[in-house]
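Take a look at the following structure, please.
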Amino acid sequence: MSGAGAAAPGGGLDARVRLSRGAIEVDVALTAAPGQVIGVLGPNGGGKTSTLLALAGVLALADGHVHVGARVWDDGRRRLQPEQRAVGLMLADSLLFPHLRALDNVAFGPRSRGVDRHRARDRARTELDRVGLAAHAAARPRELSSGQQARVALARALATDPALLLLDEPLSALDPDTRARTRSDLATRLTAYDGVTVLVTHDPLDALTLADHLVFVEDGQVTQAGTPAEVLTEPRSTYVATVVGLNLYAGQGDSHGHVVTADGLIVTTSPTEGPVWATIPPSAVSLHRHEPEGSPRNTWRLRIASVTMQGQSARVGLLGDVPLTAEVTLESVTSLGLQVGQDVWAAVKATEVRTYPR
Amino acid sequence: MRYAARWPSRLALGVPAALALLLLVVPLVALLLRADWARIPTDLATPTVLPALRLSLTTTSVTAVLCLLLGTPLAWFLARSELRATSWVRALITVPLVLPPVVGGVALLMTWGRNGLIGQHLTPFGIQIPFTTVAVVLAETFVAMPYYVLAVEGAMRGLDPRLESVARTLGASDLRYLRTVGIPLVLPGIASGLALAWARALGEFGATITFAGNFPGRTQTLPLLVYVELEHDPQVAISISIMLLAVSVLVLGVLRGRWLR
Amino acid sequence: MSTSPHRPNRGRCRFPAPTGATGATGATGATRATRATRATGAIATVVAIVTGAAMLLGACSSATSSADGTGQPGRASSSNTAPEGTVTVLAAASLTESFDRLAQDFEAANPGVSVETSYGSSATLVQQVNNGAPASLIALAGTAAAEPLDQTMVKDTQRFATNVLEIAVPPTNPGAVTSIDDLAKPSVKVVVCADTVPCGKAASATFAKAGVVPNVVSKEVDVKATLSKVKLAEADAAVVYRSDVVAAKGAVTGIEIPSQDNTSLAYPVITLSDDAATKAFVAYLLSAKGLATVQSFGFGAP
């Protein structure tokens, strides 16, 4: 978790967003140093966008605070209007002003903040150049590709020198090909930006490639926060585990390496006592027609619920004492004749099971 | 068999449909048939017509400007508000749409008349509204503004509200957003709202004659003149009616493609 | 007009005058054309159809002849056989109050007769009759109004009353009007009838005779609309018929116009039916008692 109430580092973000949005109560704390990119992930409808709009000042806080650098944007009682905040907002499907040329879209911010027309346009040209669109300054939004529109939207959000840049699913409206290219353009541009960026996404790839700190928000609450490396190795919720591709179990550990879960027993060589999380990488699961013998300490008889292809491997969903996802080669699928509804033996070496306190 | 089964239902729908069409179209055709086309230019040039025409054009133009200046912000508040009270306000401004205009005229008298709610406070300053051109404008605005506000509100509701959020984070105040983004994007809606409101104002009769009276050059608009001329020289009344019909058709032509499809 | 002074319906069948049909546009007597043109004829046909339908639908009750019964039948009706049946009376709007009383008295004196009255502007009534509306007799404001009437239907014409113009002012008289000369003051807002309707023509004639150019702020479409502007105190003075001032019952104050300037209007009653009941009603109207009743509502002797 982020240190609630801690003073924001010079120019950084210190925020605690509490508000009601429909059925969910949002309570999300975020801190970041200048130049940092926070990736906010979570299922749809979990409060990610509400958090972002509260940071922008579009939604009011019920409680909490938003401090950016030395400035108080919102203390739960009084709040600055969006136009009074040094904030940049970029939303899905870009939302350029359709009647304005690309240049005037980007110049809109500086103009609104009192910069004269000439200097605003100069600034807009610079920003367009930085996203590689200097040649399209005179184009109307509908004449640009969706990727170009996204870049113009980024240039527009940055043209006002925001201390806080808010990106809400900036790539979700793009087709996969454009998406990869725009993602790298975005990454390039963000490295040159010295303010705090908050990136809301449900795409783990966006988050892992663009963010240096991740915050998971589910049902309005932060379920996990940390660096991508921490999150990848030690997920703390089913959603996070799914995102990073690990099997995750909550259980009770003892010093002998036993983890008792609600469904069954898991054995590990790295014991942790007390309430623990246990993870099993899908690639560490081997499948057999007959009960395996020898070193693997974890063997379960499970039923195949699903088989999906992923490149040269297959993911096999298994149900039984310990629900499990296995990643096996296509070869094993054919040699074992794996079919949905079939019972198989799953084996996991105790050395592959990681545990850490819950 | 197939036809025997189909024709009765065809008739059951076709006959009332044809009747409905006739009820709507025949009066217009009758008006055109009654017209003495050769006389229309002279009729429209009679000394009573020109002041009425001038008055109608002036008052409806002022009404259109009032709708634009006052109605646009109202439409904007209605469009962006999520309060429950908003639907009540919307219902309230819809009332003049369905109110008999003569009732509107009575209501205006009760408001701006010498003993009216507001009028009584104006009287000490020597300001009297009834029987003046101002009264004509008030009557026309009363009946026309709802058309404008509803048309523009509809257009504004069609805008993505996130555009406004983005504009505001870029530093735009409400007014700047409306001026630079909101209004330019709803210009077609504003245009059709203005055309509707203007046409309604041009045809306004009941509220005007009740509230503003009937005085040539001051409060006698074209529809009032039609009514008076019908008792004096029906042919002139028909000629003016033809002109108003032509204007209505013209307005519909302007709106075509937006409202008619 | 919404303020048109329809009297309470004393259980007697009243046909909706065109006032009701065109009420939404604030119009009364849309067919008060002095010339029977094809256009107005067509509209009058529609009005007549609507009115005719109302007559067919109207469930009329004559069970209200419970007046004091002091009224005596007129001389002509004191024949050997008491008249029976229904008398359908069409009368000018200005006669509303007086004819309601006449009908009531007549029914009390003739239990076998039921009087049905319908009021409207004279021109409208004439068009209705021309278009076949059933009527036993028709009473009009001004002899000129009778000119478009289909003369083949006329059995008899008699004058029974006159009406003169009068200035109506609000009871508070905000314009301090005391004579017709005051209507020329710029501070006095005057409403008159439009030049196209009889009361407007009469007012123009009167102002010409008096040598007064009034400060007219509105030319209303009929006399009741004109009067209503004074009732609402929006205008300082209106030129209307004396009978309208009487009918307003204190809602306005009347100021007389000297007879040398005034314009008088004669009211004819035109008999359209030969039946005994109709003759009896006309005779009652023209009797001393009938004339006295009419005159008690502000009308003058014929």
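Order as written gives the chain letters A, B and C; numbering starts at 1 within each chain.
Quick note on the criterion: a residue touches a chain if its C-beta (ideal position, glycine included) is under 8 Å from a C-beta of that chain, and two chains touch if they have at least 3 such contacts.
Keep in mind that what you see is a predicted model, and the values were worked out from it rather than measured.
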(Q) Which chain has its C-alpha centroid farthest away from the centroid of subunit B? (A) A
Q) Which two chains have the most C-beta pairs in contact? A) B-C
Q. Which chain is in the middle, if each chain's centre is the mean of its C-alpha atoms?
A. B
(Q) Centroid of subunit A to centroid of subunit B, CA atoms only: how many Å? (A) 54
Q | Distance from the mean Cα position of subunit C to that of subunit B, given in whole angstrom | A | 36
Q | For subunit A paired with subunit C, centre-to-centre distance based on mean C-alpha positions, whole Å | A | 86
**Q.** Parts of subunit A lying in touch with subunit B, wherever the complex brings them together
**A.** 53, 56-58, 81-83, 85, 87-91, 95, 97-99, 108-109, 112-114, 156-157, 160, 162, 166
Q) Okay, in this complex, where on subunit B does subunit C touch? A) 30, 34, 100-103, 105-106, 109, 113-115, 128, 130-131, 205-206, 209-210, 212-216, 218-220, 227-232, 234-235, 237-238
Q) Of all residues in subunit B, which touch subunit A in the complex? A) 160, 162-163, 165-173, 176, 180-181, 184-185
Q: Would you tell me which residues of subunit C are touching subunit B in their complex?
A: 1-3, 23-27, 30, 32-35, 37-40, 42, 123, 174, 189, 191, 194-197, 216-221, 225, 229, 232-235
